[in-house]
Amino acid sequence: MVTNPQSPYLPKTVEVVERIQETQTVFTLRLRFIDEGFSEQYRFQPGQFNMLYLYGVGEIPISIVSDPDGLPFIDHAIRVVGRVTKGMAKLKKGDRLGLRGPYGQGWPMDLARDKNLLVITGGLGCAPVVSAINYVIERRADFNKLTIMQGVKLPSDLVWRSRYEQWSQIPDTEIYLAADEGAANWPWHVGRVTELFDRMSLAPDTVAMLCGPEGMMRVCIKELVQRTIKEEFIFLSMERNMQCAVGSCGHCQFGPYFVCKDGPVFCYAKVKQLLAIKGV
Amino acid sequence: MDLYYLPRSGFSQLIDVLRNHAETIMVPKAQDGAMVFSELDPGEEIEAGWQEVQDAGRYSLEKTESPRWFKWATGPQALKPIVYPPREALWRVEKQGITFESVPESVPATAIIGVRACDLAALSLLDKHFLGSQFPDTAYKSRRDSLFIVAVDCARSAATCFCVSTGDGPSATQGFDIALSELEDGFVLRSGSARGESLLKGFSRANERQITLSEKQVDQAISMQTRQLPAQDLRSLINKSLESDAWEAIAARCLSCGNCTSVCPTCFCHSESALAELDGSSSTQYREWDSCFTQSHSYIHGIVIRSETATRYRQWFTHKLANWHEQYGRSGCVGCGRCISWCPVGIDITQEVATLNGN
Amino acid sequence: MMKPRLAVHKFTSCDGCQLAILNMGEELLTLADLVDIVHFAEAGPVEPEAQVDIAIVEGSVSTPDELERIKRVRENSNCLITIGACATTGGIQALRNHQDSSQWVSDIYPQAQFIQSLNTSTAIREHVRVDFELWGCPVNSRQVKAMLRSLLFGVSPIDEKSSLCLECKRQQNPCVVVTKQEPCMGPLTRTGCGALCPHFGKACFACYGPSETVNSHSLVKRYQGFGVSKEDMIRRFNHIQNNAAAYKESVINIARNFDE
């Protein structure tokens, strides 16, 4: 008779240090491990994610948006869409939840060092790239020009508007925003995000990092490739259903890859064929 | 290789030595119209004569006069539910302080008699999946380590079997402790592990006649197989057919019910869910077998990536026959034919491959 | 903190779904600690017009009185949950929707003028907004507890809608279609019952209603091969969940295509 050793799926207890309401539907949870010993061992890379567990309700993958040097605090930007996120929205400072991670392959920050960096996001799901933007801003001298592009449907969909305004003040940083529909307080482009490419100059050694709906990433990548950005320099953060985060439950398969462990960040050259087919 | 012989009347000797190693002995039994593995009670004997007729969407048992115990080819399940139960607790959490703890599970040492070559091939794929990663599955490992496997070579193939074409049968070549070849009057035995060898040491050697008979049986099982998958790696065929009309044609028949994934000995998808006590004081996290044929399998924030049966069947088929190569170094199909027999509408994976291949 | 207030309302039904609450045993006491049960006629408390956080509705709308009453239940509750086939699709009694039911009434009752009955039996959703539907005939305690626990955690309950086959296979029941050639409705029926009938070797008769994917054309063709008649096949859909959209459509298709 043998008894199971400790499960790799066992979460650790974390506490909400701060809860920040970013927009009507997006909030950030700043978390810290209760076990200080464990907290000291915990490290992550920009672009990685944690599994957050809401007591009695369930576990979901959430990208880390804070800086690796910001530990012991770990920030997660969460959009209220489903059952678990709706429940998490009610958490307050001092509440506890479960966390296991970090998981997955993050952004290629080493490759981007001393190069130009173009960050493209669309829709509401920009959390995975925020970690990369924050990383660059904290280490501004290590990177060349930083360009941030974001497309939204409505001006009110723009998360972290104030941060975009701050980012635009940082040296050698350009911000390009587009909304499908305009509004009185929208000083930026009205129209498709891809129309912004004509306004910018892209150096060939630019590393591009994308996240957002697959359709939007497809059209942006087409523009990038036409503008002679190397496929090996284009990276995207993919989304699939994830329940285990360790390549076991099978839900996150994207062709031969498990998004949880082979991604979520993939080099475009690797997933080019898969990205072209619906329902993979 | 040393081959031993045990007359049928002396099989209890093997059971007795297995009892020294295992708390539980599992043997095939006819239950609810199918061969299933179930615990052998002390004094109980394996029932003789059962054999099955299988075809697309059909499985029926018949009792023959044969003294054989392993005349049947496959049942709906074999090792998968033993090493990877359909539903299991992963951990528990207390509301007080939100503290997490493992759910200890006592795993009895188990000997299982009657495992087929296809089941062993499937087990080695499950091993790669659950144990080969950066985060080995501890619960799977405990159950895996507790197994003592007595395999049996198939002397007969069902009409749905195609293990010859996948290279996985009909005789056991790896992954067992002891393998049997069943003759009318007894068994030719061989070991596949050091502990298997130590158990067989005391038995007498098989003679030429017994060895020849056992070899002939394997040839017979091979010749009985009518279905097959093409010998070549199917990756290029499948990857160039991802946008084929064939998937819609299959979807017209496919029920999206998930029976194929449930009986497949290599399908490993599972979902997780929280089950809280009604009073809210504690909650247990469970995992249970899931299927790529459900909507929830590909659900992300309001979107179902594979909302149509066509894309779901394509996912299953592509994963099994193409993507498994990338993930685990070989096809995920071991030729057991269960997905053919247990599909309520009799969809035949070998036929669908042939169709895709232009035949 | 104030306990949430709960009401259990009965409409046209057999009361069987309310038993899923009453039969919770000791956990009924736990429930009474968690919520204030202000209206639950079958269990005792009667206050049908009370304002509540959670209203559980059993039964279909089949009388003029129920037409009005369901509106008040909706107005008086934050969250309205239907339980069971009657409340969710109209129940077995929705079979009257295709018939002249006033004729039935006058055939059965000696003084039919005292019977106030609509010509149809319809789901609660057809009259008021419903926050969540628990399918089944009857629903069971496991479902009710999971639903209430989710609501108490402040999240929506989980809609269990995959095919019954998955649960049946998790229990390792050999398939009754494959081993016995019995026309089991499991592949087109949603999970939740625990695969009760197939567990005892019986074909599922679809009392939980349609699963998320209903390919009745393919399954009916298969059962036709077993020798199941057109009438028998139609009856299997025109049963407890006859008014569920996917089954209604299946009946039309069988009537049209079976003999082809």
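Labels for the chains are A, B and C, by order of writing; each one numbers its residues from 1.
In the analysis below, a contact is a pair of C-beta atoms (placed from the backbone, for glycine too) under 8 Å apart; a residue touches a chain by one contact, two chains touch by 3 or more.
Just so you know, these numbers come straight off a predicted model, no measurement behind them.
Enquirer: Which number of steps is the smallest that gets you from subunit B over to subunit C via touching chains?
Expert: 1
Enquirer: In terms of C-beta pairs in contact, which of A-B and A-C ranks higher?
Expert: By the number of C-beta pairs in contact, the winner is A-B.
Enquirer: Taking each chain's centre as its mean C-alpha position, how far apart are subunit B and subunit C in Å?
Expert: For subunit B versus subunit C, the centre distance works out to 37 Å.
Enquirer: Using mean CA coordinates as chain centres, what's the gap between subunit A and subunit B in Å?
Expert: Computed from C-alpha means, the inter-chain centre distance equals 39 Å.
Enquirer: If you average the CA atoms of subunit A and of subunit C, how many Å lie between those two points?
Expert: 42
Enquirer: Which positions in subunit C touch two or more other chains at once?
Expert: Counting only residues that touch two or more other chains, subunit C contributes 149, 153, 158.
Enquirer: Where in subunit A do residues touch two or more of the other chains?
Expert: Residue numbers touching two or more other chains: 55-57.
Enquirer: Quick check: what residues of subunit B touch more than one other chain, meaning two or more?
Expert: Residues 273, 276, 280, 290, 296.
Enquirer: Touching residues of subunit A toward subunit B in the complex: what are they?
Expert: 1-13, 53, 55-59, 79, 81-82, 96-98, 125, 239-241, 243-244, 246-251, 253, 255-256, 258, 261, 273, 277-280
Enquirer: Would you tell me which residues of subunit C are touching subunit A in their complex?
Expert: 149-150, 153-156, 158
Enquirer: For subunit C, which residues count as touching subunit B in their complex?
Expert: Those in contact with subunit B are residues 27, 30-31, 33-34, 145-146, 148-149, 152-153, 158, 161-163, 165-166, 169-175, 177-181, 184, 186-188, 201, 211-213, 215, 217-219, 221-222.
Enquirer: Using the touch definition from the top, list the residues of subunit B that touch subunit A in their complex.
Expert: Of all residues in subunit B, those touching subunit A are 23, 90-91, 93, 95, 97-109, 129-130, 133-139, 142, 145-146, 239, 242-243, 268-274, 276, 280, 283, 285, 287, 290, 292, 296-302, 305-308, 311, 314-315, 318-319, 322-323, 325-327.
Enquirer: What does subunit A use to touch subunit C in their complex?
Expert: 54-57, 83-84, 86-87, 90
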